[in-house]
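Here the structure is laid out as structure tokens; the discussion comes afterwards.
Each chain carries a letter (A, B, C and D) given by its place in the written order, and its residues are counted from 1.
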Amino acid sequence: MPELCGIDLAHPVINASGTYDAIAARKVFGDALLDDFPFAAFVSKTITPDPRAGNSPRRIWETPSGMINSIGLPNKGLEGFLAEDLPQLRELPVPLIVSVMATTREEFARCVERIARRREVAAIELNVSCPNVHSGLIVGENPSETEALLEALRPLSEKPLIVKLTPNVADPAEVAAGAERGGADSISLINTLKGTAIDPATGAPALGNGYGGLSGPAVRPVALEQVRSVRAAVDLPIVGMGGVSTGADASEFFALGAAVVAVGTENFRDPRAGARIALELESSLRAERISEPALDLD
Amino acid sequence: MIAPFGRRLCEVAANRDSGGYRVVSVVDRGGPEPRAGQFYMLAAAERWGARDGRAFLPRAISVAETRPAAGGGVRLDFLLDAVGPGTERLAALGEGEGIWITGPLGNSFASPREVSDGAAGAVLVGGGVGVAPLALLRRRFSERGVPHRVLLGFRDRAHTGGLDLFCGSSGVLCPEVRLATEDGHAGVQGRVTDLLLPILVGDDAASGVVYSCGPPAMLEAVRALCAEHGVTVELALESPMACGFGACFGCAVPKPGGGFLRLCVDGPVLRGDEVEEVSHAYA
Amino acid sequence: MPELCGIDLAHPVINASGTYDAIAARKVFGDALLDDFPFAAFVSKTITPDPRAGNSPRRIWETPSGMINSIGLPNKGLEGFLAEDLPQLRELPVPLIVSVMATTREEFARCVERIARRREVAAIELNVSCPNVHSGLIVGENPSETEALLEALRPLSEKPLIVKLTPNVADPAEVAAGAERGGADSISLINTLKGTAIDPATGAPALGNGYGGLSGPAVRPVALEQVRSVRAAVDLPIVGMGGVSTGADASEFFALGAAVVAVGTENFRDPRAGARIALELESSLRAERISEPALDLD
Amino acid sequence: MIAPFGRRLCEVAANRDSGGYRVVSVVDRGGPEPRAGQFYMLAAAERWGARDGRAFLPRAISVAETRPAAGGGVRLDFLLDAVGPGTERLAALGEGEGIWITGPLGNSFASPREVSDGAAGAVLVGGGVGVAPLALLRRRFSERGVPHRVLLGFRDRAHTGGLDLFCGSSGVLCPEVRLATEDGHAGVQGRVTDLLLPILVGDDAASGVVYSCGPPAMLEAVRALCAEHGVTVELALESPMACGFGACFGCAVPKPGGGFLRLCVDGPVLRGDEVEEVSHAYA
């Protein structure tokens, strides 16, 4: 049975933060969602200390084998999340991981403290791709900022802390090592690559926010390379993601040392992608086991 | 209306021309009958992504007509305007080809009575590929005996896509349908709003609800006219959708008071006072 | 007439270094190549001080809407290039840009000096994605290393110096600003994104070298975003590249402020891609001019 | 042999089965007649990239047969083994569909005399889809009166793709062709190298040149056998190709003395002593 930081998982496929709203999906698909929940753990959309409305449209743009999003982290804020969303999310049949982001260590600490107190939360994912308003540095671009953040947060929670790295750095392994030194329990990667497109109809940037983040199969080679290099640098379990859309894609991440894979953009194409990918993985493993003794070395 | 969980592989039963658009019929053995205004996320099972990696995401398409399918399930008709790689591929699907569908999704048009106390009649205002959800709405109103008029706008003789969805089985346009064409080849010469205005200023306006779907400029004109004349209006909007089930937050439409709606779960049908102005930015 | 650092160009489309061997292409296609040369200037494959054989196969791997390469800069070395290749390249009907890379400032200087003396060379492109053997820093990842390199090379050549940035950094605009301060004449970007794949047939890395560089339409959103951010930071003309395969793609780069676009991977799919893209650009400009007065604002 | 500059859009004239493979015929109005061993880079004009953004690059495919086309130009036959998204799409091309072709590319097989002083006869050894270039080579040898034998290996009755390329117009296998099949359903039971060995140890071995194309393991066996018996061999290799015209340096094959050849411009035909060992790593 796969596990992540001591959390037992029915299979090694979870969702990527911000790509599945289990509350909305339950309204759309009913309780069939719960009977047949596609992920082995559920990661919430990133929540921030205060509510955010998100960016102005246009927010998504399709690109070759991928998409750019500039959603802008719309969420109810920490208190809204705890009061309104958490009671609904605890009804999910899988462990819950809450993703948080803040712009000061104090705010990060407040979020982690409040969330860690909730028994229904199995782990906390720290989305560190936002600038620190004090240092001006993007925490996740900087190994020592990341280390310091983890040192500050580590004592506040017994729950596993997963650090989600930004891929827009020269050396993600350095940042991962900083997170490990600071006391992180796991590294998840990749978040989206910075990307832009021009709308051919207007000649102006396609996204309301000017630019956004690229995801989907187009980025899979970058994700795999970052998992490989982080794997070589830290001992922590890795949650690998970026363009996973089939069991074969997931296998690439496992071959490079990921403990678990997360599915993001593919959920939009297939609301049950998580379960399908877990099944594809299992049946390819079974096929390997069966074919092994009869392996034709011709 | 709860949708079966997940996408399902269905078969294309027919694909016919409709005045420049295509009507693609899909047999859905596993889903419920959709309501007027609802949509599905569609993707061809084969050769999706055939134009340099696009279409990649599924496409949101309104259901234009539905009836029980021979052998069980429902038959869904989609009206397709081939404007890019996704709609082109969908419009080219041949009989027997596979199509992934998720749905029915989103909310639906309400009856006049549900929307507005004492309202009895309906005015349906459509243009372009936006006539699709109104076709199903009109049939439902006919079945339920809701008095209604239908105003449709078309550009010219070559662009009458979807018009036949408003014909009875005899192939003759239903009597409650009136046309405006920009070239004057049929109906009144002009815009569909030219047909709407006299109704809004007429005696029975107060007891009517307007239902509209079409290009953003048309929707905005309809919304503004109805607001001006104090008539309740339901608008079926579009916005860029990656998922259709509330997962991506991509389909944001600004709310009048600030903030955003997710059109896929909060819409696609919104009351006129739930949007500030219908804009190209999201539609 | 477009120009780059004072070099007149017949149209704004050139090739990306390492994606066209004009000498080999002339053997394959004959002098028709010269009569109808697809690029407005020709950029050589990167040459290094000493000859290199390149990496062990497998060297290329196809990915969704792109490819990974680990070619490893095979080349004849500086002297071999000057003696054998340059005499053939001077027969091309367009200005010649020579791309160079070295691992010490002294070696970079030796290359630039020797090449700058050759009248047939119009400009020099500095490929700075290699580690400096003294500092251990990757020059192109570091604004001050880049600045110092340019300061060292600037006095050695009157020819325009184009700095080709690596995209595998958090902030390419900072590095571009360093290059500008050091005296660069132009910035070209992007080089390939670090990428990996696993061969499903073996479960092992697909490329002989373990990892490689991702290029093609998949990376276009990343390239456009980096061009946008570099454009905002420097005044130098920009050579934009990364996934350009049509005139419409090129237009996106121009909309974001590129002076010239370079075509890489698309050459492999269409040996005349440069000329086709230039034509597509021209006819879309012409179509715009024609349609403008009659613009239907409906 | 100089290729016309650039890719050109051609039309598929026919697509037929050949023992599990497909033979796709293309009419090339603008190119010269290719030589045996040469290849083309092929990509479907439509729906290339239809499987999640792959195939993206064109695919290298040997020409299996060529003759003047009615109405000018040449007709090119390609033998396709559908192993992935690229060959699948090419193998599914229908009559009248568009295909981009660049070529003819690469070098070609030399005549026995050119390769080896005093050599008069030829032994062609092929297996799998590698029989394609040998089919054209055999016809050329027949036309020019070069004495030759053909040894072909097939797995079983269901895998005889390309065998018909070695049949005369009567549909009967040419007399100089001998088969080895792993299941023994036709010819000798065993490998094609079992047929080659007796020839190499025979009296006239010294005056023969071996020409081979097939899977890496077969090529390596043939190369090693020929080296052992001092017989000259030309091998048509494969390696991963992005461009086919020397642009990408992707098709590297290690040279015995160190360094690499570019198989697309230095090959695809190499003499046995130009490669160290034929390996899966590049083939």
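Throughout what follows, a residue touches a chain if its C-beta (ideal position, glycine included) is under 8 Å from a C-beta of that chain, and two chains touch if they have at least 3 such contacts.
What you see is a predicted model, and the numbers here were worked out from it, not measured in a lab.
Engineer: Using the touch definition from the top, list the chains contacting both subunit A and subunit D.
Structural biologist: Joint contacts, listed by label: B, C.
Engineer: Where the centre means the average of the CA atoms, what chain is farthest from subunit B?
Structural biologist: Looking at centroid distances, D is the chain farthest away.
Engineer: Just how far, in Å, is the C-alpha centre of subunit D from the one of subunit B?
Structural biologist: Using C-alpha averages as centres, the distance is 55 Å.
Engineer: Between subunit B and subunit C, what's the gap in Å when you average each chain's C-alpha atoms?
Structural biologist: Computed from C-alpha means, the inter-chain centre distance equals 48 Å.
Engineer: With centres defined as the mean C-alpha position, give me the subunit A-subunit C separation in Å.
Structural biologist: Computed value for the inter-centroid distance: 34 Å.
Engineer: So the centre of each chain is just the mean of its C-alpha atoms; given that, what is the distance between subunit A and subunit B in Å?
Structural biologist: 35
Engineer: Where in subunit B do residues touch two or more of the other chains?
Structural biologist: Residue numbers touching two or more other chains: 49, 52-53, 56.
Engineer: Multi-chain contacts in subunit A: which residues touch at least two other chains?
Structural biologist: Residues 63-66, 216-218 of subunit A touch two or more partner chains.
Engineer: Examine which chains touch each other and state the graph shape they make (line, ring, star, complete, other).
Structural biologist: complete
Engineer: Show which residues of subunit B lie in contact with subunit A when the two form their complex.
Structural biologist: Its residues touching subunit A are 2-7, 43, 49, 52-58, 100, 102, 105, 239-240, 242-243, 245-254, 258-260, 262, 265, 281-282.
Engineer: Quick one: in the complex, what on subunit A touches subunit C?
Structural biologist: For this pair, the touching residues of subunit A are 63-66, 68, 138, 141, 168-170, 193-198, 200, 203-204, 210-211, 214, 216-222, 224-226, 228, 243, 248, 251-252, 255-256.
Engineer: Going by the contact rule at the top, pick out the subunit C residues touching subunit D in the complex.
Structural biologist: Those in contact with subunit D are residues 18-21, 23-25, 27-30, 32-33, 36, 45, 53-67, 69, 71, 74, 208, 216, 218, 265, 267-272.
Engineer: Touching subunit C in the complex: which residues of subunit B?
Structural biologist: 52-53, 217
Engineer: Using the touch definition from the top, list the residues of subunit D that touch subunit B in their complex.
Structural biologist: Residues of subunit D touching subunit B: 46-53, 56.
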